[in-house]
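Take a look at these structures.
Two complexes, one shared chain (subunit A), two partners (subunit B, subunit C).
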Partner chain A sequence: MVATPVRTPAEQALAARYPAERTSLPGTADVIAIRDAAFGGVEKSGLPHRRVEDWKYTDLRARLKTFPPAAGPGDVARVLIAAPAVEGDKARRLVIANGRYRPELSDLEDLEPGLSIFSLATALEAGDATVLAALKLDDAVASNTAVALNTAFMTDGLVIDVAEGAEVGRPVELVHIAEGEPAASTAVRHLVTVGKAARLTLIETIESLDTVAHHSNVMTVLEVGEGAKVDHIRLQLEPDEAVSLTTLVARIGREANFDTFNAALGAGLARAQIFAEFAGRDAQAGFRGITMLSGRRHADTTLSLIHGAENCQSRELYKAVIDDEARSVFAGRIAVPAHAQKTDARMMTASLLLSEEAEADAKPELEIFADDVQCGHGATCGAIDEDLLFYLLSRGIPKVEAESMLILAFLGEAIDEIQNQAVHDALIHRVEGWLKARAA
Partner chain B sequence: MLEIKNLHARIGDREILKGLTLTVKPGEVHAIMGPNGAGKSTLSYILAGKEDYEVTEGEVLLNGASILDLEPNERSVAGLFLAFQYPIEIPGVATMTFLKAALNAHRKAKGQDELTTPEFMKLVKGVAEKLNITSDMLKRPVNVGFSGGEKKRAEIMQMALLQPSICILDETDSGLDIDALKVVSEGVNALRAPDRAFVVITHYQRLLDHIVPDIVHVLSDGRIVRTGGPELALDLEKNGYAAYVADAAA
Partner chain C sequence: MAAVKETVDQVLSIDVDKYKYGFVSDIESELAPKGLNEDIVRFISAKKDEPEWLTEWRLEALRRWQTMEEPTWARVEYPPIDFQDLHYYAAPKKTAGPKSLDEVDPALLDTYKKLGIPLKEQEILAGVERGERPVAVDAVFDSVSVVTTFKAELAKHGVIFCPISEAVKTHPELVKKYLGSVVPVTDNFYATLNSAVFSDGSFVYVPKGVRCPMELSTYFRINEKKTGQFERTLIIADEGAYVSYLEGCTAPSRDENQLHAAVVELIALDDAEIKYSTVQNWYPGDSEGKGGVFNFVTKRGDCRGKNSKISWTQVETGSAITWKYPSCILRGDNSRGEFYSIAISNGRQQVDSGTKMVHLGKNTSSKIISKGISAGRSNNTYRGLVSVGRKASGARNFTNCDSLLIGNRCGAHTVPYIESKNASAIVEHEATTSKISDDQLFYCLQRGLPEEEAIALIVNGFVKDVLQQLPMEFMVETQKLIGISLEGSVG
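Here is the complex of A and B:
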């Protein structure tokens, strides 16, 4: 006999929401069909729990207490005056408020030649063939619960194209803001295509103006063209009450150069997923991130990289600082198929535990089928080094300040890889804020 | 200035200091010599406040007040400085950031304002120059990539910046060639003052040619077993520690 699991309140809310919303979500009949298929999968399996390998350490079924209703349009005036998360980066800010792209709040002046920016909702309504094609994902990605929920409920997002050879000088910053009470859900999908030999710096910030249990689900599908250079940085900054799911899907073309950085600084429950693939030979990629946790927060970074072409190089570096009873999860899987000779991959994760109750789980995995490769992984976990601390104290530096210096040094190895100075500085500022709050 | 009375200390089950008594007055330079494993570094760590050791008996007074309950940083701002035998490398912490934090902690304790960046830079550069510390070294993370001798010079630079009242130098001569030894000794001698005292821990007499002590002690098996003038160091150089090791074992 197969036991029918009891639906949790979150699952019940989902089951009620989708049928009620499906026809009012943007998109043609084709889009609705894609949404139906995605939701059907979630409906059938329920929310993933700890016996589902990919969600072993982040039991979504147990942790998601509710699934709030879809967000309303929000108070645009409040969004307008919200202080930017990154100052001085001269970025082109594109505002997505409560899951809706707001061109009137966005900087669309003097678009660089070759850069085009459209609303996903408009494209879905128009049944744009290219956009529809871009919604198609590999099964492993499409069936992931966070992705499937995104597909089912996505309201809007940006379709960004950088033409072949175009160098977009100003970073493009996708500013996600949740506004209003009570708690609401948003699902946003971005489709970014960077053409051959083009350049783009793409920044994402995700924040909320209210300390309520908003759920955000932001997914970015990135196509990095042959010989293109793309720098992607995400600052995830929601309040402790929030739930934050993010997904990056990246296809990295031949001879391309790609970096992605995730700063998991917010939300009570956060999961950052990366599905990346080398689609052409001689490419390079860096996957890095930091997580800072306190209280009872839980943050999960799950990376799946298919080193699918010859002579590609990747570096993975994830660092977590965990205080109080918080828990950090890192799961990194690198697959090297038989034809991907000369693969060079080095994955490292390190966790710094600041309290007895803090927890870090690391699950690095390599699946290697090629024989001429250089692959390695390492995971470390420990408290602040007492000898380093003693040295700083012995020079008169008070304990919390000394600890802050050492924590910053620990994270610096990852943060200092961020090329964009303004984002780097903004992040350091956030980290210092976190450390000050801890010291207080 | 510094009074150590009948100090007993252990690490785990092992007693390392076994009733050590020592009094250092302002302006004095004391040398502590002794065989390897005598407890010299242990003494210096306990004075600086390292947690691993348990003081089971005795007391340590700095300017009349007990320091055993003070945190290491509180001892530092109270005027105690330890130049480590093995200065540790701290990757990711910039030397200048570190020096500034240390200096400002000391200034704050004295009720002084923080230095401005130009004032701070000027101060550090002046001190660094005298110790042959290049601006390239100052740009690196704390002690990272420094040679043994560079680390020792960096310790003396920190000492010169923080202007402590009691300086404990743990084998500052080890790993130094003759030129570096001179530079370091000059750095130390320049700091000699009527209101400042030094405890110079060394295994060899060599350093004491340059930093001439007022009083020499022999530390063996956790106790001061002999005290004398500078001539005691010469005697040790000639005859070794054998006599004292035997004494302690007896």
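Here is the complex of A and C:
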């Protein structure tokens, strides 16, 4: 029984767009071949639906109503005056407006020694061998629908290299801005390589200047070298109308130290995917994030971590606050192959439901083949603790304020792990703003 | 500790071969021709002298099954099953309605004697004098029930305990009302197959307010080769009733795989309680993974009434492949579901088991304690769902699943699904995977315990939560089983 899939409007739009755009997208014939293969996979299977295990709780076929056309260049003047998402972090801002890297809007002065930044589009046009090699992904990652769509439609992005031993003092901030009407879609790919014993703080912000149904697809491929220390933070801040797909692919080298934090604060439909792998022994990594949802928003965090080397340690902590009719999804999978002895992993997810109509789904999965390991996972889901609330009320604190305090404390456990003070403060500020709006 | 590990492997590899129930009884059987089609279903139905409605029910299931595809989502691998190369009915020849035990084929009685299952009531009563409690037993051999003990004693209390094939004739109204009401005919591939060809199993009805005076037990035995056993069990506890039911199973060691696709339905009405315990010890195959029983089972309990309770306890040590998720549908307000499981896998066994707790009623609560132990080259997966519906205010779930790995050629996996649609519900899940802690072991060793004993002690502590839930009859056997499975596993 091979059923002919009924094509949704979004699938039809995709099928019409790709043939029309494939040759005008940046890249040599080799790049077109890679794009063709990626799109072929999506076209064959269609958009994933709830029967596809990886998308069980985020039915893309049902939820994607349309797939808008590619974004135009956008109004540079408006992008120029947009307020930065994070104040006072002294970051080196690199602007990607409507899927295009804008060096003229970016801060490229006094690049630290060992730090190099150039455009992906240029590299694709030149057929740069290193960049082409970096487009190759493991099958499991490459076949993922969000990744495949990114490969097929990517217009630009940044290729960032931090040389061996280089310490990049200023954080590098990738500022993604969507500008203009009507709704459009963008696909951006970044390739970041951090050399042996180098240091980098990488911040990504994704926002939109207009409240229309922009689709953004941002993917970052990160190579963390031996003994390197990398801090990665992503703030996803789009308006409720938007659709936001993000992917992080991280390979963590021997003795490296890696942290990633995802703040899902925006978009009506958001999915943050992380595919991480320990490629060398004795490394450490932290995977954390918060999700704040209201209205009818839907946010999905999907983490796949391969603990592929001996004696690596990881900590996963994801917290979600869900109000109104919103729905939060967490799917985490830790795989420990037989040779990865002495693995130590702790995965925790907690959801706070603030309304009768809210929904939380969690699937914290462990797959273990090594016997000398410590792996644990926990999941909780519930309302605000009555006893804690009562304690605060009995101290004369109004209910709404008491609730806000408890929610902030709940999320704070994850947020406090962010080492960059400016980002930490900016995030707390946004959480407080969200709580104020809720209380009003 | 490479050398020691080798010893471990050696001992563990002997382990699956230690299966002591692997003998074949030489009993003449009557077999249905191989294959599955409408004629076979009619043949089975006719053999059991079933009413027309049941034959139709089976045929409808068959037609449905023919359009279904085998599920592949579980973490198990096996060669494709040729469903047309199996006998769907096998029965010992001389069993046509024995009036008493004296008429039962002595070879059959011998088989059960060897298995240690008491079928003679006197023997069991003698047991009482030795301080053991009597257990009523329904013995199912391949496709038919050969004997059910203590029927008269149970009838005094109004408890109906008989083979389901007999219940169809004696209590058609009850069977018709409840059969397929928990696991619908169309539920899943194996449940539908079972509905088409189910052979025998137990039927239990405990009337209002009755506390069943003794443990009820069914003992399943697959003997014939190239057969599938399709057990169907239906247990109904009417308002305020209580019943505890035990199930045991074994099969001979054969090179080819045998199929066991059972459906068990439990129904608890207002204030009723059902306790269902299983010691599953089907033939696990040899150390190379040859042979063994494919155990594809659908077990589900429906807490239909208020304040009802269903509790599943399982000890899984056998079967080449286990695919089994005893579940509770918590429909009635304040109803409670429990799932206690120990799954031990060894050799090349594959276990994919867990539970589903579906909270629909208000103030429903559930508890899941699952302990998986993997050794050899086995794979042991816990797969579970906790779902809280919109209306299930005040629902409460606690889940704890731990895995223990012995050796590094086995796998332990945890796949929990948590879905909450109600803010006042509290769902907690915790899971750990580890090896026996060096500290614990060291503590025992420095108290003078030999290493093997220390490991057994730690493992017994690890599974204690579940063992305590088992009826006494099973506790002793299970503790022994765990002993066997872990003998020599120093490392």
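Just so we're on the same page, the second predicted complex is superposed on the first by the 439 of 440 C-alpha atoms of A that agree within 3 Å, B and C clash if a C-alpha of one lies under 4 Å from a C-alpha of the other, contacts with A are read in each partner's own complex, and residues count from 1 in each chain.
Throughout what follows, a contact is a pair of C-beta atoms (placed from the backbone, for glycine too) under 8 Å apart; a residue touches a chain by one contact, two chains touch by 3 or more.
Everything numeric here is computed off the predicted structure, so don't read it as measured data.
Trainee: Clash or fit: subunit B and subunit C on subunit A?
Mentor: In the arrangement built by aligning on subunit A, the partners subunit C and subunit B fit side by side.
Trainee: Could you look at A:Lys44 and tell me whether it touches subunit B, subunit C, both or neither (first, second, both, neither)?
Mentor: After superposing on A, A:Lys44 lies clear of both subunit B and subunit C.
Trainee: Any idea whether subunit B or subunit C touches more of subunit A?
Mentor: Result: the larger residue contact count on subunit A belongs to C.
Trainee: What is the contact status of A:Tyr391 with respect to subunit B (first) and subunit C (second): first, second, both, or neither?
Mentor: After superposing on A, A:Tyr391 lies in contact with subunit B but is clear of subunit C.
Trainee: Applying the touch criterion given at the start, work out whether A:Glu359 contacts subunit B, subunit C, both or neither, answering first, second, both or neither.
Mentor: The answer is second: A:Glu359 touches subunit C but not subunit B.
Trainee: Please work out whether A:Leu406 is in contact with subunit B alone, subunit C alone, both, or neither, and reply first, second, both or neither.
Mentor: first
Trainee: Compute the least Cα distance separating subunit B from subunit C in the superposition and give it as a whole number of Å.
Mentor: 14
Trainee: For the complex, which residues does subunit C have touching subunit A?
Mentor: By the definition above, subunit C touches subunit A via 69, 73, 390, 403, 405-435.
Trainee: Using the touch rule from the top, collect the residues of subunit A that touch subunit C in their complex.
Mentor: For this pair, the touching residues of subunit A are 1, 53, 338, 341, 351, 353-383.
Trainee: Which subunit B residues qualify as touching subunit A in the complex?
Mentor: 48-51, 71-73, 75-77, 82, 84, 87-88, 90-93, 97-98, 101-102, 105-106, 109, 141-142, 158, 162
Trainee: Where on subunit A does subunit B make contact in their complex?
Mentor: 386-388, 390-399, 401-402, 405-406, 408-410, 412-413
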